[in-house]
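Let me begin by handing over the structure; questions about it come next.
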């Protein structure tokens, strides 16, 4: 789901609360609008392996002056990344420890690709994919994990399996039969759902393949589906142009 | 389509005809049974970019002793690959000209992968994919290019578009809208068909994505389809285990 | 330099001291003999980017039962890698957070390469390279950072520049003129030395190129050298067979 | 060696001779000045694996209008590349047969790199490397294959071994001992020489490594050298700035 970060900031400010506002934007960054500075975020955490279209292996923090100031006097134990060392050496383009240089080259390239496409196009592309995937889940008659349609995620759709159906068994069957690995439900949703990612370097057909794997796997697992999600998503993608098609 | 090579050999032998039997097995090699020696083929031509799962860039010939003998006295003008030079230098593992060394490393790896899977499994895998794809084309109500079902190709299905529909325009629309490039009809079939490849490093979901792209593109081009080929292929793949699934 | 780990273990045991023995073997692992279990080490820290011949990006810990036991009751603040989560999920082949999957594939391959060569050959190869490089530094008349020849490192040679010569300026000149980046002196040796690595996927000629870059850079920086280290290293490598040459 | 192509053209024109002027510029292209149009060349043949810094795998022809005209009426048997098919399909960006697509992407990148460096810098870089390598061969007291110093090649230096020394045995020793593969003498120079390439994606230190491998290999083969070529080349490279160093 998406969070209304500016509203959180406003609430903190209205209450005069000194807490730092920390945002995990690992999946969302470069897929949906995000404004570290304009929204008054103090710490943003992100990583390479989602919207930045790279293998996993690097993570980074964006810091507000307030966060940096707080870190200087904070008593909280810190480890791996104590910002001061990093900030100091980054001034000259270096790191205190050996960085993942290969992924830094990749990051430079993926950022160039995103800027060439235009961030507005990138965000519209993800929104359209998400809409298509949700139309498929709805056609199946299965609930989407996020209860409030206003805060649906543009990068991930959680599919709730019917009571009595082990979602992890469905995932294993799909992996074994159709060579596709789906994300599991985490925490208290373990075994109740699986996750479909729709972000980064993808396209309509890849998503339809994903939906086809889910649809076949659900049926083979004995789940009664209300209709074909693949058909519904084909209808959706056919009748809604991708944002970048217009530019061709 | 497939050809009955042993029958051609037998016909040549029965007629006592001295012609060399030359087979182009660029698409078929490593996808369907093929026996250069046992079938009495004199020259087989193949390449890297199909069943051998490599980028395009190398081609090779398998030669019978009879073909080598004929080449020694033949008056036919020859160029690029005059076998004698190659055969002579290959004895020591070299080539008369600079070979595509990178693809030779790749070829070594792809052959190891094919032998690890087992050629019988590889052939069964392709036969199953082909059956699934043809079930989709039949569901669309469109003719398959090959008139005789006994000689359907396990690696490629040619789809004939209805009279009045420019198959190349359909291909362009699919490329533009869905980021998928389909093979064109060649020679007198230009504009009348498109080709779906189903060979090499692929899987059920990739083929379903391909079929989804075709189905959406045909509909957007105004072609009336008898039914959903994607649905039919999902039914087929769900009810027919892949040969290597059994071994898991 | 190398450390006599078993002697440290013996000293701890002799004193009946409860401290855990923790070893940083980032550079040494897979270059020199190392026995986590046999030497009674409690925690070994290593990484991908040295003797394991991979890009930087993963690090790992080897743990003794005693270290695991201590971690369960320790009050010390811990962060990034709290072992318990990792140990729990590793049982099934998973990680609590997204691992650097690409480097794990690479690690599998590099370990296969090392075992195919034979660890004794790998260690002898590094010892020979180190000897050759040190012979060059000695020929230059410059001190090697490690004062005790009995504990020279097989993977790295630190070269002390003469008083008045800024080692970092020498490094910059070499980088600018000869496209080679050398390691800097750390801590109180900053500006007094540079480091030559000789480990992993290398060979005699690569090391001679490295020495040539150093020798030219030192001379261009005005350092008076006693003799040619490149010539000395060529003599050494020519008169001492590599361990794996014998097997050809 | 280099050839004075404009002079050949002038001689043909002066004689009024109708022969086409055909140039093999496989090694020279993108290493030394070459003007297909301005020099009146009719056919230039080149390939990917030298100055264009790519793996081997593609070759190409540049054609004059006169060559194209001649090909239309020529009776000469032609095979593999009959230009007419290629020229026709290249108009739309296609090929009559499957091209080596991967290397075409690589070619696009390598051309961008060469133009970014500037062709004059590229040519000066190769001229400097060649001078350094020849200074080393001269220091060894061995003859360079090219008798006329005015037409030395900027990309390759052929080293003549003394009478009685099998150059191919020297090459094998160097390969076995120092992991370096040198080019052999071709045709009547077989066994009398080896070839040192100095072109493309290289630098001073790589060339010094190459020279070190040759120098050690020659000595181990019992060749009496007049002096150290490695030392001479280090002196040369140290006292002659690379053309692109100036721009830093």
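We call the chains A, B, C and D, going by the order they appear; numbering starts again at 1 in every chain.
Assume a contact is a pair of C-beta atoms (placed from the backbone, for glycine too) under 8 Å apart; a residue touches a chain by one contact, two chains touch by 3 or more.
It should be emphasised that the depicted structure is a prediction, and the values quoted were computed from it without experimental measurement.
Contact with chain C and chain D alike is made by no chain in this entry. Note on connectivity: the fewest steps through touching chains from chain B to chain D is 1. Across the assembly, the mean Cα position most removed from that of chain C is the one of B.
Averaging Cα coordinates per chain places chain A and chain B 39 Å apart.
Separation between the centroids of chain A and chain D, computed from CA atoms only, is 50 Å.
Pairwise chain contacts present here: A-B, A-C, B-D, C-D [touch as defined]. The part of chain D that touches chain C in the complex is made up of residues 176-180, 203-206, 208-210, 212-213, 215-216, 219-220, 228, 230-231, 234, 237-238, 241-242, 245, 248.
Of all the residues in chain B, the ones that touch chain D in their complex are 47, 49, 55-58, 77-81, 98-103.
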